[in-house]
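Each of the next two complexes has subunit A plus one more chain, namely subunit B in the first and subunit C in the second.
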Partner chain A sequence: MTSLLFTLLLFANPIDIDAQAAQRGLEIAQEADRRDTGFGDNVSKMDMILTNRKGKQSTRHMRNRALEQADDGDKLLILFDHPRDVKGTAFLAFTHRVGQDDQWLYLPALKRVKRISSSNKSGPFMGSEFAYEDLTSQEVEKYRYAYEGEETVDGQAAFKVTRFPNDPDSGYTRQIVWYDQAEYRILKIAYYDRKDSLLKTLTYHDYQQYLDKFWRADRWLMVNHQTGKKTELVFHAYAFQTGLGDRDFDQNSLKRAR
Partner chain B sequence: MTEPAAPGWITRYATAVIRFRFPILVFGVIGVVLLATNATALVINDDYRYFFNDDDPQLLAYNDLQDTYNKNDTILFVVAPKQGGVFEPDTLAAIEALTEAAWQIPFATRVDSMTNYQHTEAEGDELIVADLVEDAASLSSEQRAYAAGIATTEPLLRHRLINPAATATGINVTLELPGVKQGEQRPAVARAREIAATMGDQFPGVDIHLTGILMLNNAFDEAAMHDMATLMPLMFAVIALVMALLLRSVSGTVATLTVVGLSVMAAMGFTAWLGIPMSPPSSIAPTLIMTLAVADSIHIIVSILQQMRAGSDKQTAIIESLRLNMQPVFLTSLTTLVGFLSLNASAVVPLNDLGNITSFGVAAAFLMSVTVLPALVAILPLRVTARGEESPLMDKLADFIIARRGPVLAVSVLVVFGFAAMIPNNELNDEFVNYFDTDIPFRAATDFTTEHLTGIYQIEFSLPAAETGGISEPDYLQTIEHFAGWYRAQAKVVHVDVLSDTMKRLNKNMHGGDAAAYTLPASRELSAQYLLLYEMSLPYGLDLNNRIDIDKAATRFVVTVENASSQEMRDLVESGAAWLRANAPTHMQVTGSGIPVIFSYLTLANSIATFQGTLLAFLLITLTLIISLRSFKYGLISLIPNLVPSMVAFGIWGLVDGQVNFGLTVVSALSIGIVVDDTVHFLSKYLRAKREKGLDTEGAIRYAFGTVGRAITVTTLVLILGFMIMMLSDFAMNEGMGKLTAITLALALITDFFMLPALLLVLQPKNEKASAPARPVPAA
Partner chain C sequence: MRPIRRQALFVFRTLFPESAIKVLTAALLLSVSFPFLQAGEWSGQAALEAFGFSRGGSEPQQENTAFSVFVEPEYYHAWDNDRQSLTVKAFFRYDTQDAERTHVDVRELTWLRAADSWEWRLGVRKVFWGVTESFHLVDIINQTDLVENLDGEEKLGQPMANLAWINDWGTVDLFLLTGFRERTFAGADGRLRGGTVVDSDLAHYASGAEDQRLDAAIRYQHSVAAWDVGVSHFHGTSREPLFTPVARDGAVVLAPYYPVIDQTGLDVQGTFGSWLLKLEGAYRHGFGETDFAAAVAGFEYTFFDVKATGLDIGVLMEFLWDERDAAATHPFADDVFVGTRWALNDTWDTTFLGGVVWDRENAGRFWNLEASRRLSDQLKLSLEMRTFSNTESPDLLHGFHRDDHLRLELGYFW
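Showing the complex of A and B:
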């Protein structure tokens, strides 16, 4: 038996190892996704705090609503409360596991819903260090994976997985994701830009559990290593299964949303 | 000889040097080599920012602006098809490929080109945001013509990334260098060059040029390295040749080269030990040190050879040479030191370095000349060939001036005033692009860019709004639009980047593409919401964070200017600030900044500081002369031959060139210390003849010509040669400095040989004239 294993190992070529790593990485992503399945819908408030290289800060306030979809990416609604001149502006996205997301924005000053037709989702969201693609649901199908091993992040045992975006319009060549081994929550993501240099790091802090199952971090901190700028997201007033439905996530709902 | 018979301290010193020649040589060489091991730690500071003091207010303002938006370290690829326009399929494909490849340049955070320009279009209630050119090879001629129409009319692109004729286009790469060590840009520049070369091979129909701020820094880096690598060995070879011809002695030449080499090594070691970085202006210090060091050696060795020809043995000759030369060599080294140290008055840090490094070298050269040099000569075999001591040329010159003192002085005065009148033709100007020779690729690329595409000088403003989010206020947008309109109407302005152009385009898009809606949005809310919509549609690296601050309380406003002199630059900045004072609310009344702006103000600050430094150097040197010549009168007379060369040189410069950069402003200060040497030698011999030999003025002038005329000529020629080698530098600042100093030194020689003796003759005491002709005049 020992000799057989030895022979197997001897003949194992790098492609097999790659395939094994890909399989293991995918399994971890799937497990994390499985553990977050069934939340139905949730709402939360979000403060976005931008800091530039000089240390100057600027804050935006918004409210998020998310609706889980059985066979596709989540639906997402963001209501802008502050700054005042964009108050009432509402952003709606249908994220898709494959292909481009659908996006609309309601402009109260124009009283019109505008569809955003752009393959771009890697630009800064509201001038922050977050790109749209960093904020939307992390669908398993959007990446290829490679398991890298186990590491400790802030004293927590973690799985380290590299994921490669399938979307050619992504701003990244790869991301390294650390999941904690106990709950499969993402602790940290390192983003690598088109020339494969470390661009920014996102860390999640103060995880809270809702409905005894779903974990959400209260604080997300994104640091851009190339420009020295930072953005912090602070979430509060999380509520799950509030009874939202598809009708609350269509173009008409954008105008009504308050 | 009127010297006392009892051995003075110099004689005792010289005897000791000969006795301990081996230890002196060994310890001297070991000491210098140990010091020189530091030189491996020498760094080159290639950052243009190194030209400014850290507390330069303009630089602080500019750093603040870069911290608010982003840094402006850029590489600009300029693509020009050999024939046809940039919208031909091949060229378009080249631009698209180059844009894509540019993302791979280390530290690149942004790539802007006309192909990835985020074109916005309205279709019903849909806002379409996409690259202007995608998959260029597959586009139809109609699609290409459509893209051409947009690119050549869009205010963001026209005159910035594309010329109206569409024959040249730019790909602008913004980089964020970590800023922790020197030479960080090298891998980025290497990669950019590699991309340009690869693309050039792949698309032979296009020419690709590289310019931008990072290429400027890199050109500084390469110019400094080039100067150190080529000028130094050349100078060494020239010194070897001149010494061999002059001394006709292998040992003398070897001894001189040793002193020169050790002086440079000691100075560079000391420089590295102090942590002073090399930069293009200071990279010529080693060449300068060699030139100055060789003069000390010439005086001492020529004297030794003279003594030996006169029949002395070598030891006696060395002792006598030191006795004769210790004081003048010390004095000339001291004045040279004072001249170079006065460069510390300059507001330009690399020029302070140049003064200090050269000062170390001059001090080291003096030390070496009175220790290692005599020790080495004492060790090496030295033979002399009998040779005529007479200088018939010098005698003839003396006769000529004595005979025609009046006309010589009159012509001299006329010439001096004539050229001095040309000094105002000079204009202070620091266009940093012109620091580089036209055969440097950076200069060629930049000249091409300026001629065909856009300017590379920029004035940047961060225009504050009244409050957070205030950039969306119609009043604010209107003001910046008018401001842009005003700048666009000014001469030399080729492009203005202003947010109001983007707002007008978005307003048009939001009104179904209606051309009549190409106006500023009517309300603050509209503008803010359009911006939000637009920002959500932009890809990585093409966002608005480089134009709008995080609070939306200020926008960046960039004026691109072509070929403006420092004066024109300052005028544009100041008239812009004046426009804001007259037409904008108080909170918007700011002043523009940017690298060329900082340079243009530094030119002014530097010229004042340098003038004060030069004045101080003149005063100190005149004081030194008064003390060492022990005569107030002759100290004052020395001012004339010391001042005249600089005045005439700048007059000549005003006639033939007229552009004075940082490097040239310090030429008077650095040349005074050298010019004065000739005066010192001439006047000290003249006074010795009068005081010790009791000669009259004419006799003393003949004596001075006879004894030092040849030595002065030779050392001055060597110095001129040294500064002419600096003219081979690719860095125009060094080239101009070499040229102007060489002219100054040549004029100094002429002044000392014509104007000074004529002046001394005209000023001779009346009573002497009557008694003078009776006395016979010895030749030497």
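Showing the complex of A and C:
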């Protein structure tokens, strides 16, 4: 009897710790999500600065609109302003907590709305170091989690959580996410490629609070450790609860969005 | 009449036919009653273009090279919280070889008003319907600006009143098309015109109202889960003409004849992971003696981010069918299209599209290669290569058998 109990303990313990780590990791992700719930809608302008290994830069300008959904992922609309040859192009996504997202692209020269595949998760967005999956909505349900412990990031006490993408199209085996303990804001993400080598690190800078609740970083910096390329996102003109609705995120509005 | 003068007259009559004049006056009155001078936005494109043909044309005046330039300025102004806007887009091309290719057009002059359950558009615009890549069967609202590109994707502005009624169960679009535009055709000195010149001055119509006939169209569009479906009907003057050979000044030319037709269209796309399944079907009545059906169906499959390089490789295949078979008025009555689309997803947006349309009956092959790359924030280089091989006389592509060409375009965007 004693030996049976001993055996059970021996085997139960590591499994128990894993389950605990998973539970704790999920709780942190859920808490971060809960704290950002209720934003309703937001709009922002975004400059994307691409820097190659030699330091040469090129810039893109776009405008983002997001609409929160009660029981599903957010709706997103991105309007491209620069470079000038893609001006007028617009991207609409209905993200889903479970299953494939729906995505459409509006091509202004042809006046054509094209339903596009959302399987492109790992490919570069606008030639940048951001993959599509880095920019679409980060639903809790899209990952499995493991809590790794506490660490300090730039002087801030942080929770360290590893998350594993559920989507087989993801370009990552895992991501390590650091949340600050005070506000559950993401401070840093390390991305590991399909060979489980460190590929990129994203750091968030200059967090601002909106409506006394919602935190958004003004600057995101993505560094690719394998190529030496960098992409910086600079956000400005953030506004929340501007009165956008589902009608501002349909194919009709995609055609007239400017 | 000199083509440029005719084009100017075209534009004038398009802008100011009696049926559209009230509509445009209303739009204009509305537009001046708002503070426009404040915040309009200008953008546009200009480009240099060079054509090189592998052989001379069938007639000595058809040169092996041609140069041209176009400019397309656009003005946009929105107000009322972006619920109303005015868009104006003009187009002018000058071609060194072909006077018919030198032309002007108002691509857009639209007043838009959007509400929760409807959108209202008045003026000149372009509308696209369809899903397939090799051939556009369902797309019927605008006239093709054929001198611009053989692919038929360049369109002349169409004057209209359009009401979109937006519901949970889909969008219903109603179109009243005020005034007809004649298709543009290359002149005697131009290339890519086939063996016989089309003389637009000889255009005639089934309708007594000629190019002033009021045409109408309706379309229902809805997206449910993986499916995007459109059903449409058009009643009016056919955008595609029929041709009758006539003798003029000792030569045979083709006179375009625009009958009144009814066309019902269906376009469906299913999106499943990396697969896009596509279908376009059309049934046309009143175009020639017998009614006919036509369809294009196929797929596009994309390998995304190949070996984590960012490269996307798409594979496309489409089957083209027309009930009229050898009597069809386009060359793709029983054909297969196979193509590939490469996107490097690099800083310069480098893309490549290549394919061949293969005639299953006559074994004629139409090769099409397109590539483009951004050179700077404002410059973009595009390359197009087209060849017509193995075409025999009954094949409509045979008219282009001397027209294998390379086209280079340098575009400046502001």
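Here is the rule we go by: the second predicted complex is superposed on the first by the 245 of 258 C-alpha atoms of A that agree within 3 Å, B and C clash if a C-alpha of one lies under 4 Å from a C-alpha of the other, contacts with A are read in each partner's own complex, and residues count from 1 in each chain.
Just so it is clear, a residue touches a chain if its C-beta (ideal position, glycine included) is under 8 Å from a C-beta of that chain, and two chains touch if they have at least 3 such contacts.
Given the structure is predicted, the values throughout are model-derived calculations rather than measurements.
Overlap between subunit B and subunit C is detected when the two structures are superposed via subunit A. With both structures placed on the common chain, the touch criterion links A:Arg256 to subunit C but leaves subunit B unconnected.
Of the two partner chains placed by the overlay, only subunit B lies in contact with A:Lys54; subunit C stays clear of it. Using the contact criterion defined above for the overlaid structures, shared-chain residue A:Phe80 touches subunit B, although it does not reach subunit C. In the superposed model, A:Thr162 makes contact with neither subunit B nor subunit C. Of the two partner chains, subunit B and subunit C are each touched by A:Arg194. Contacts of A:Gln138 after superposition on the shared chain: neither subunit B nor subunit C is touched. By the touch criterion defined above, A:Thr227 lies against subunit B but remains apart from subunit C after alignment on the C-alpha atoms of chain A. After overlaying the two complexes on the shared chain, residue contacts for A:Pro124 are found with subunit B and with subunit C alike. By the touch criterion stated above, A:Thr89 is placed in contact with subunit B alone, subunit C being left untouched. Subunit A residues in contact with subunit B (one complex) as well as with subunit C (other complex) are 50, 52, 58, 83-86, 110, 112, 115-124, 127, 169, 171, 193-194.
Chain contact summary for the complex, subunit A toward subunit B: residues 50-54, 56-58, 80, 83-86, 89, 91, 103, 105, 107-110, 112-127, 131-132, 169, 171, 193-195, 197, 226-227. Across the complex, subunit B meets subunit A through its residues 64, 67-68, 70, 103-109, 118, 123, 125-130, 176, 468-469, 472, 510, 523-530, 532-533, 535-545, 548-552. Per the touch definition, subunit A reaches subunit C in the complex via residues 50, 52, 58-59, 82-88, 100, 102, 110-112, 115-124, 127, 169, 171, 193-194, 245, 247, 250-253, 256, 258. By the touch criterion given at the top, residues 41, 43, 45, 76, 78, 82, 85, 112, 114, 116, 119, 125-128, 130, 153, 164, 166, 171, 221, 223, 228, 269, 271, 273-276, 302, 304-305, 308, 310, 312, 345-349, 374, 377-378, 380, 411, 413-414 of subunit C touch subunit A in their complex.
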